């Protein structure tokens, strides 16, 4: 596929969210099956089906196997997911036979907080002394998606509040405290292989499992990413720059989101970021 | 054997103060009308179980009827927070809310164990999570064949499960289709089962993807067209996303919520 | 992703000497044609798993291809004994047959554990029975919440599962309906999956009661109309009870069985 | 229901098998749900739906809930069971949610051997020294049917070879070795409450759980039953005589069996007697 420079056909400039979404979709190239959380993961997975991976099988925890929605679903249980699916099964079956059975290549998660080992918090945040802890939606499918998929992609917006040195609560294990923890706990999948944000891409260092900067979106500096990260972010030996969105990617992403304007859908739903 | 009852009578007969109640439906087929009847009757001190509390439980929590919530994901799908849930957890308003918090896989398997007459279920879950530290319904078991340690979750056996379905026949056999979530398991795990339906038909013609609950596995059926609104019943209605969005403003503020509650309780035909 | 293959090639590619093979179908949809192809190819030293061995396994056992049988009820349904099975167990003819013997509930749950990626399943079973004394795939576990002791069965994970279904689409997505038994679980528990179908259609229109296996959960589809005979495929054929009865006379005697076997192996189009 | 004397409308005399079948059907009066083995249990359950219990829900282990066959099914998986059922579910679901879930009132079992505590052998029989043990079909659904149904009925033909002092193999627990054994093993149902044969009815003694003679079919003597029983059979304080089949019972039974003549069906199938 050729990669022309961005924005030639579409007049409005590419937004940071669009860079995140396009790169998240690209990360699904080659995958056969994807367990999709609502929100940013669903946007990315549906874009992937329209760009890099037309045959990608979308699996929603509501029971839809092989859903082919024509527009972005607003909730995990939209009727169109069932109407377009190869099969609709019960929620216990989705989790037991299809996810836990090891049949899903990629788990795609949103997050409220991610720490430097790609552990995820979607349960509660510490608002400081004297204030009640802030309540988040909770685990949803994330702990078992992260445990049982072949690999995991995490997508969230970059800020020091979102990418933190230490989580207030570990809802979902990423790499624990280092490279041996998943194996020690008997986790079957590889865990998080990339955290894709609106500024760039972090990946676990092969030696330490700590997230390091591996790619920047066009126009973003490493310093800006470091300033938006709650720990002292290191860079991989080589930091690449992500290719700008192609005209096709951008057009399809914008069409998808315009058709989905009936409701938000970017910031809520199981596996999505903080529900506020 | 299921009798066809009025919703008012069925709720009064089957749901009592202090019960553990599951109102299930995964975004689809959420039994809102039955929940509103519980609010009108003021049935209280409930332990409510539901994978996704959704705004149906935000309403019950805000109404002060809930002592404890058993759940796995508490947001307003597609919109944001459940403000009444947050206010109860963070500030204890209108009363403190105890939590028994799980993952989706854990909740689903808790219902499976309940439906299966087993005291627990086994899964590959919760590993490395802080969740097990906060609940006494997650433990571990060791596989007697491989020695592997796995998660165990305690069976969830509600006193009453309430679901909404598309239709029933006159004997009370229930048929639902589309995304049917964990409803069969929640119903079979419960001591009593109440089903609201869009309509009663002479004959339940087979439907692709239909789940059928025989009448002898159901205690009462109440005919409540639109009883899932603002959730939906595939083939009868579509999800009312505007209502879900509108709930955010209603629930964000105690005063606007209280006005909503008073309107609901004041008018028997309020919904 | 399932390719549409010839039965001969699919069997040769997917089933190997020494494999553990499950050919499932609860009276309905039994994959006889695939079993006959295994006999023709002489694939041997098999461990065969099946809840009800039926005459499909009587034939494979009599052909001397089976080292071990994992099962829960071994009769000719509606007729009587499986004579080749009995001759192998009682007299070691044509070779000794090891048994791993269960109850139906135990076998079903062994497949469920396999499909679920778990090493074992829990059930209320086997209590007071002599069966656990004869197998190393039944044990006990203690509920970590109640202290109750329950039966545990080891996951059954065949190298290959073979099933027959009504139809598939060109991509290899499989659809079956009627009594679908334990086929989904047996397929999802296996390392490789071969499905014979009555026909390939352009589009799998939804059917009441249909179970769908997506093409990416299937390794090969072979089009074999009548491939379940003398079992049946609802909507395509009815059970050939005369053939089940006739098998009794064929199998009762080693000589008549051997003549049947030679005829099958001699003619590639024998079935 | 009036109970006229038998044989008024039908010329052929009542057979011992018919006495067994009619009394087995009568034992289902008042039951809501019955888990039905093929063979004699299926004959009795289908007769009950045509006589004493038109609303009886028949559950077959092949996955048919509420089957209403128009003729006797020949196998546990006959197509008509699915076609006439309220619902068809998977075999794991039948055993886990419906049977183990405690939703079945009566389990109806055939047997090859029954001992004096109503334990059942369907696995193998000892053919004496120097001869291989005779292989029977095996357990099928029986161990869990007997464990998890509210109560259990057993139906088999009376002979010293079938009703034995000690089983060659315990496939399925009835009352173990006495009245406390089921409770000790945590069994939920009451276990076997009657063994119905072609000669009469045995029931467990309330004190000892040992099967005792409680009813004789018309024309059968207690001595004849004792001679056909492999242990020293005791009689209950009161031994009744079963009412002769009514014209209606007999006509419906004969019509059922005539329509099912396409195949045997009385002596095989899971839960049925010895498959020879």
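Each chain gets a letter, A, B, C and D, in the order it is written, and its residues are counted from 1.
Note that in this section a residue touches a chain if its C-beta (ideal position, glycine included) is under 8 Å from a C-beta of that chain, and two chains touch if they have at least 3 such contacts.
Computed from a prediction, not measured in an experiment: that's the story for all the values here.
Between the contact lists of chain A and chain B, the overlap consists of C.
Per-chain CA centroids place chain B at a distance of 41 Å from chain D. Distance from the chain A centre to the chain D centre is 58 Å, each centre being the mean of its Cα atoms. With touch defined as above, residues shared between interfaces to two or more other chains in chain A number as follows: 96, 100, 148, 188. For chain C, residues touching at least two other chains, in rising order: 117-118, 123-124, 148, 184-185, 209, 211. Taken pairwise by the contact criterion, the protein chains fit none of the simple patterns, being neither a path, a ring, a star nor fully connected. Residues of chain B touching chain A in their complex: 26-28, 51-52, 71-82, 85-86, 89-91, 101-105, 108-109, 111-112, 123-131, 148-149, 178-182, 184-185, 209, 211, 232, 234, 238-239, 241, 244-245. Chain D meets chain C in the complex at residues 38, 61-64, 74-79, 81-83, 88, 90-92, 95-96, 99-100, 119, 123, 132-135, 137-144, 147-148, 169-173, 176, 181, 185-188, 262-265, 267-270, 272, 275-276. Residues 117-124, 137, 139-146, 148, 150, 152, 154, 206-210 of chain C are the ones touching chain B in the complex. Considering their complex, residues 32-33, 57, 65-66, 86-87, 96-97, 100-103, 148, 188 of chain D touch chain B. Interface of chain C with chain A (complex): residues 1, 115-118, 173, 184-185, 188, 211-214, 216-217.
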